[in-house]
Amino acid sequence: MAGLDDGSSVRFGLRRLLERLREGVPPSAFVRGLRLRRHFRGAGLILALPGGPLPTVINKGGTIDVESCSFESGVRLEVMSGAKLSIGKGVYLNRNVHIVVGEAVTIGDMTKIGWDTVIMDTDLHGHSGRPAVSRPVIIEDNVWIGCRAVILKGVRIGRGAVVGAGAIVTSDVPPLAVVGSPRAQILFKASSPVD
Amino acid sequence: MAGLDDGSSVRFGLRRLLERLREGVPPSAFVRGLRLRRHFRGAGLILALPGGPLPTVINKGGTIDVESCSFESGVRLEVMSGAKLSIGKGVYLNRNVHIVVGEAVTIGDMTKIGWDTVIMDTDLHGHSGRPAVSRPVIIEDNVWIGCRAVILKGVRIGRGAVVGAGAIVTSDVPPLAVVGSPRAQILFKASSPVD
Amino acid sequence: MAGLDDGSSVRFGLRRLLERLREGVPPSAFVRGLRLRRHFRGAGLILALPGGPLPTVINKGGTIDVESCSFESGVRLEVMSGAKLSIGKGVYLNRNVHIVVGEAVTIGDMTKIGWDTVIMDTDLHGHSGRPAVSRPVIIEDNVWIGCRAVILKGVRIGRGAVVGAGAIVTSDVPPLAVVGSPRAQILFKASSPVD
């Protein structure tokens, strides 16, 4: 059985690889993906797109399960001892996405995450004499997270939701909702001409 | 006429180049600028300052018009098919400014944009069954945009306005106004001493 | 006396160096620290951790006093003519912390600053005909500043306070308080299914 499974899995991986090449993914993304893949448990086809530094994976004794997905350059994954990061299939992490896992972060299938977004399930630091708090983050399927978002501990983002650029998310987002941080307001209005 | 024009334009460019060198701009900025200039239509004197990676220009079939202006390292310009980016003269883009153009982004003369600022005229991604929306962004003359700002689709920023550090701008800013995102508030107040 | 002082200071530095090595700090951090140290007045033991570019120090004629502390890669310190930056002992600056000093920035002992945080005591640019304004920033002892925060001119952050990830701080923070920027809100709620 193991032999059969391996064979079909290799054939399936090969088929997907050919599809991606036809879509215009550069061959270097597969080679870089192989270098990244060794950090993951049971990974499928990993694309690590060129254009900057290879993603950094710092695993201090947790587990990282990644299905077939795509990483742009500069992504950073940090997983602490005993913690668990799961990334579903078809997920896309844009440049410099940074995920810090103290306990558990789960990202559902087909979710897309914009550049410079930070996802942390831990405060990393206690305060007022209390220890640092970690609470799992769950991002469901088909979520789209804009660039520069910050997703903090204990948040669940429902399937199909959209998180606007620069949003700081500290509470749950219902499925299909669109959330954003409060926008800029006028602080000062001038009447004199600028010279 | 073409010959005369070329001659006077070269003389004018040379005069400006000598002025900038006297101001202390490093000669490497001119050499780097020549490498950047080939991405632009009708560019004047382009300074691409040293200190990090040369700006990245990803033009997927749009047009980029840039007059004489200065780019710090790490700037990133992405222009989609049929889209148009126009940058006026004397504009200064600080480190890692990132501009994404789905339809049209216009930046007026002498505008200065702080480091890590993102300007996007497109959502890049639809939601709730609707397609992605693009609406032109217009930043007029003499605007100053602080570091880490995010300027989103459909926004017009009037001449001489100031956008504060970290502001997320989703609606128009009148000329000469100063805008900023809501600032940090106290979430928790402790009375016990920290040991 | 000078001879005695030097001797005891060297012995003390050596003891600390051995302690840090036992804690697992890589030896390269000490070597990189020596390269960084020459920018500082009266620096103690400086650790410049590996993993990215050495911190950038741009001193245009001010003074930088740093006691024994740790810098991650990509930190950027800019000090203008006549300005003063003071960093206390045991301070930790994470990746890409960026400090711009137009007049005076003081950081107390044992304060920890998260990645991508910006601290500026100056607007760098005037508006509406007024010149740029600088007002000193004081961050007291044992403060913890989360990632991506922006600390602006004239702010004093009291001892033991915590600044949340992504917070934009424009007014004083009392000792031991926790502050954060307003969080994302629902902009749009869909009821139709996502296909």
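List of remarks:
Every chain is named by a letter (A, B and C) in the order it is written, and numbering of its residues begins at 1.
Simple rule for what comes next: contacts are C-beta pairs under 8 Å (C-beta built on N, C-alpha and C of every residue); 3 or more make two chains touch, one makes a residue touch a chain.
In this text the structure is predicted, and so the values were computed from the model without any measurement.
Taken together, the touching pairs cover every possible pairing of the chains. Judged by shared residue numbers over all numbers used at their interface, chain B and chain C contact each other through mostly different positions, with under half in common. Between chain A and chain B the CA-based rotation angle works out to 120°, given as a multiple of 5. If each chain is reduced to the centroid of its CA atoms, chain B and chain C end up 27 Å from each other.
Residue positions 127-128, 160, 164, 176, 178, 180-182, 188, 190, 192, 194 of chain B each touch two or more of the other chains. The touching residues of chain C, when paired with chain B in their complex, are 56, 98, 118, 120, 123-125, 127-128, 142, 150, 152, 159-160, 163-164, 167-171, 173-182, 188, 190, 192, 194-195. Contacts from chain C toward chain A in the complex involve residues 51, 112, 114-115, 127-129, 144, 146-148, 160, 162, 164-166, 176, 178, 180-194.
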